[in-house]
Amino acid sequence: MNSSSNERAVEWPPPSSGVGQPLLVVDGVGKSFTEGPTPIRALQTVSLQVQPGEIVCLLGPSGSGKSTLLRIVGGLIRPDRGRVWFDGQPVQEPHPSMGFIFQSTNLMPWRTVLDNVLLPVEVQKGRVEARDREQAQELLALVGLDGFSHLYPRQLSGGMAQRVVLARTLLHGARLLLMDEPFGALDALTRERMNLELLRIHRLQAKTILMVTHSIAEAVFLADRVLVMSERPGRIVAQLPVDLPRPRTIDMMAGEAFGRLTLQVRRYIGEVGELD
Amino acid sequence: MNSSSNERAVEWPPPSSGVGQPLLVVDGVGKSFTEGPTPIRALQTVSLQVQPGEIVCLLGPSGSGKSTLLRIVGGLIRPDRGRVWFDGQPVQEPHPSMGFIFQSTNLMPWRTVLDNVLLPVEVQKGRVEARDREQAQELLALVGLDGFSHLYPRQLSGGMAQRVVLARTLLHGARLLLMDEPFGALDALTRERMNLELLRIHRLQAKTILMVTHSIAEAVFLADRVLVMSERPGRIVAQLPVDLPRPRTIDMMAGEAFGRLTLQVRRYIGEVGELD
Amino acid sequence: MTFEAKVKTQTDRPRGEGTSAPGHSAGWLLQHLEYLLVPVVLGLGLFVWDRLVVWQGYPPFILPAPAVVFRKFLLTLQDGTLVRHGLVTLLEVLLGLALGLSLAFVLGYWLGKHRGAERLLSPYIVASQSVPIVAIAPLLVIWFGSGLLSKVLVCGLITFFPTLVSTMVGIRNVDRDLYDLMRSLRASRWQIFRLLELPAALPIIFGGLKLSVILAVVGAVVGEFSGADVGLGFLINLARGVLDTPLMFVAVIALILLAQLLYLGVSLLESYCLRWQRAA
Amino acid sequence: MTFEAKVKTQTDRPRGEGTSAPGHSAGWLLQHLEYLLVPVVLGLGLFVWDRLVVWQGYPPFILPAPAVVFRKFLLTLQDGTLVRHGLVTLLEVLLGLALGLSLAFVLGYWLGKHRGAERLLSPYIVASQSVPIVAIAPLLVIWFGSGLLSKVLVCGLITFFPTLVSTMVGIRNVDRDLYDLMRSLRASRWQIFRLLELPAALPIIFGGLKLSVILAVVGAVVGEFSGADVGLGFLINLARGVLDTPLMFVAVIALILLAQLLYLGVSLLESYCLRWQRAA
Amino acid sequence: GCSPITPPGQGTGDVPALTPVTLGVGFIPNVQFAPFYVGIDQGFFAAEGLAINLDYGFENDYLKLVGTNQLQFMVGSGDQVVLGRAQGLPVRYIMAWYTRYPVVIFAKKDAGIVQPADLAGKRIGIPGPFGASYVALRGILEAAGLEEQDVHLESIGFTQAAAVSEGLVDAAVDYGVNGPVILAQAGIETTQIALDDYLQIPSNGLISNDQTLEQHPELARRLVRATLRSIQYTLEHPDEAFEIALKFVPEAGGENRAANRAVFDAVLAYWQRRPGTQPGATRLEDWQAAVAFMQRIGLVDSPVPAEELFTNEFVVE
């Protein structure tokens, strides 16, 4: 494996390949962690673009740098090289129009479920109005947590906590959602429901979504485009446009096109696995 | 929904249905959490048996009490009613022959990866020998974390941390493994690898496994029997013996029997979902 | 013996329920024992004190009997002596706390965020804490007079450190994941402080506060010892001077009560602010 | 202006790299500034002190010039005075710490585990902390003599509380998930303490230790003030008595150095024990 | 920050011509300061055009304040002046109040300690080897030709009465109106050895500094005159003086009245005029003896000219 071949790989997508003006441009981003005794090379060189309204799913082996990439896109950590552009502006720090779901459910243990959901409002508007409260309650109902709003996070099951995080992020009202395995702790049925809700919200509110997931089916079901990352140090080794029509329905999952796409992603991933 | 029909449901499995003497018997266990302002009924009435060497997978909607059940079985919390028997002894507190994987990755942040894996040995033997260290390194290699043994948990990705927990539990040498979504944060490929490793270890060391998972495919692939739980308050609403031959291989997943079983579980779960 | 048989025999005595119930009632007992024990222990203490005086034959100038002290207590309460001196000491304590704690919070927060700054400043802070107050009392008197101010300064100085350290430790203990969350929401520094750092550090800060309020009382007394004409510390000195040991004990008891009151206040505030810890 | 154009113009000045670099070098600067600043600030302090003496015309018995104090320091160092008194105070401090800390750990651990016990005992602990030593000095002398023991007791009493509180808070702060883990491994109480509770509570306990070691020095001085014929606190009293202000300053400085030494020791131990916090 | 103690029932506002004078007194409000209370109450100070503020604090601190002219007058003992002068403090003793050095060594009567020689080999409690107690101890030991190592000194802080009564020490060094009176009140008889019987050292009196005496001699003269008059009045009317003192230190009344009256009666003896001396004056030979003695016991290391230590010019009419 030589570095020039890697460089070739990251040239995709070409800077001018966008349909319109891309909402998000990741340009030659690389990152190593040097705090420890041995530096860890997390991301090699990653470039990608996301169009407004697009849903892009990121698949890749554990430890390949997906979370790191998302953090860089969100402006939470600085890349060693390369740059990120959001809405035509370089991203130096978190942008108010980006919403984040982290891989670990980070609820504040001293806030009730409702107050946790209301946190973004409190931060952005400085205070919480009755209307926000109502909206939060609606979102909690949406994620199936009606009647749990006065519990503390410790009293929730793993999947319930994850859904609170989802409600919190949706209340945020961001244009770009960066989601790191948002449904990982949910059972198949709840997960499907959440997927459908996400698609509905995406359709209604024209959100753009960049999401890490480990479920190939979920990726194909949600995404306009699926990106596959290599093993550490991560780079994007494949992309697959998903041409299933929208709005998508659960039935489609039984369809032939869906199966073909899933298989294709599987093959990409398998190849990656066999590469090293 | 009346309670007598529920009672009927939990009568399964009949006390004498076991092939031999069951390793684990859960007998009419129920649990409510009463600490909060409104008591939460987590488990209705659950009875089940696990034979030595069996792999039983537990599926169910988020918040249905799966983790609670596992905690009760492991002796970490007391049920309000009913009892648990392990190896013919009532379970009042954790048993040395049970190994636990919790839903949240609970590594000690002040211990390196290696020391975290060695924790069970340190607790059980009082000290760590060179042989244990070797074995831990082997297990780390097995879960694909060769060369990461001197990192601290914070330096790991979500999936890597989960694999450290797996290695820790395997070093434990327990006869019964209680696993709460042990592979939730892993990508499909790594997950498959881990599944195969688990089966190999199960075969070699005659372990008994009770595992919560949200992946139907995983449940069918691993289990001798799949149990499906209802929505909260949880009870077991269905069981499905998996008659796929052992040792199992990845190829089986493409087979007709596998598809049929998966569909069947799907239907059970779907029914549960439509019940309320 | 087969497993079935075992199940059978053990089912007969409902042990699972049995062991669970005592756990509950033991907790209940302990909780109520506590309220029961407070007067019991207190009474026991008074009894031992009384017996000590009788058996050891201590003259009153060494250890007056509890009854004597109690009478004196009522007396000084009635004629307003206790209230007058107590209020002054309370004022010194409160002003000292206001001064010390506000400084401690600000500086502790800053040092918590910047380890370099801690290494830089800690020698001076340690120095300020280890200079015996009595040794710098002349300087304090020369610079700030022998009135309220010098006592407030002593109080402030002595309350400052525990809250500083606990604020520092508390801020460093904040979950990093939650920092990321707040940053991703573009929370301002003030919001990060108010919504994340303060509530997260509070359990630890309260530990420091508990120390500070007690040291504040000690500080006021030390300040009053080195020159004052009112206050409970002064009253102790005065009582020594007029050979009134019971009065001295009354002043000491008043100081203890003052400290208890402050401690109780902090404890109540703590259990209100940290009520989320008790849920679940 | 199109997006492409913007990319172009902004690419020309590598701002992303630019802002990242200053962050690093600022950190570097701050880290080294720190070592640079220590002597600078110290020198500045000495200079201000010196100027103060010259400008204000303070005679040596009010504020001796640094040079005078330094000369006295060397003198007392040579003739062994400083070492003799310093060693006694150090002994008192160390014994007091040994006593206070061991009690504080045990009791703090217990109180941390049982909130009921805390509510039950805290009034007495608070009382023990708020009684002015001078007031009970006669009793201390009668019960424990006027030798080393009474100073060690005062020291122990005063160091006890901060470590008690921080141990209590630290124990309560332990992640409950890890308790479950340890219980599932059937760890003994001792193992839970050693492998989980101690390392988890250590960041907070160290905060209390820092307070305790400094208070130990203060405690030794307070103990020596109320009756002693050796020790740095005694030396201060002696110097005051013979109006030897430079000697008093020397004793105070020796106390400060002693406190610094202890604090530094705890800090080093802390950064060794908590080295995992610095990784990542 | 000093609160003036004004005589009850007598406003200061209607006498605008009064010069405020802050007087630092060691210790705490006590019947032992009765002359000052009497002077304020009877208007002796006001008659001299003075408004007195009594400031309570440590003698040590006041000596420094007076030495730097931050305070003009204080009450302190002669040995402090010697120490101060030796350190270059321009303090000067201007009026004697106590005619006897007030520190004694006391013991329980059955211990049989009645003269300095009896102290040999005994355990003696002392607040610490410094200050007035130490001066007295060394003086008394010297009278019997004893050295410090001939007795067992124990630093017991200010717990002399307790230590003696509980038998922790055989004898203790304390003010004559303190420990012995406490024990007497508790019905324990004591014997006392007073330094003054063996060595005369100028005791408590008024201290000022050279600058004040140079620039405001009239102020010093008025203060001395008023103070002497107050002392005289107190000695002549002890009962009335005691009642006046109780107005200033009400805590000394009530239950504590008897004890404090005992203290008061005891302290009067220390103020009695010595036959053949001028009230308030000190003798050069006493100062010389004091300097020589303090040099002998190592409290001062340079010879201090005795003439610089005091002046009688303000007491001589």
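Letters are used for the chains, namely A, B, C, D and E, taken in the order the chains are written, and counting of residues starts over at 1 for each.
Please note the rule applied: a residue touches a chain if its C-beta (ideal position, glycine included) is under 8 Å from a C-beta of that chain, and two chains touch if they have at least 3 such contacts.
All values reported here derive from a predicted model rather than from experimental measurement.
The fewest steps needed to get from chain C to chain E, moving only between touching chains, is 1. For this structure, the chains sharing the highest number of C-beta contacts are C-D. Interface of chain C with chain D: the two copies contact each other largely through the same residue positions, with over half of all numbers used appearing on both sides.
Mean C-alpha position of chain B lies 47 Å from that of chain C. For the pair chain D and chain E, the distance between mean C-alpha positions equals 41 Å. With centres taken as mean Cα positions, chain B sits 28 Å from chain A.
With centres taken as mean Cα positions, chain D sits 18 Å from chain C. For chain E, the set of residues touching two or more other chains reads 60, 64, 158, 162, 166. Counting partners per residue, chain B has 33, 35-36, 104, 151-152, 154-155 as the residues that reach two or more other chains.
Contact of a single residue of chain C with at least two other chains is seen at positions 62, 138, 142, 277, 279-280. Note for the complex: chain E touches chain D at residues 60, 63-64, 67-68, 83-84, 86-89, 125, 127-131, 134, 153-159, 162-163, 166, 168, 299. Listing the residues of chain B that touch chain D in their complex gives 71, 74, 76, 93-96, 98-100, 102, 104, 106, 108-111, 119-120, 122-124, 151-152, 154-155, 172. Contact residues of chain C toward chain E in the complex are 59-62, 72, 81, 137-138, 141-142, 144-150, 226-229, 234, 237-244, 247.
Interface residues of chain E facing chain C in the complex, by the touch rule stated above, are 1-3, 27-31, 55-58, 60-61, 64-65, 70, 158, 161-162, 165-166, 181-182, 185-186, 188, 249, 251-252, 255-256, 259-260, 263. Per the touch definition, chain B reaches chain A in the complex via residues 33, 35-38, 40, 59-63, 66-67, 103-104, 144, 150-152, 155-160, 162-163, 181, 184-191, 214-216, 266, 269-270, 272-273.
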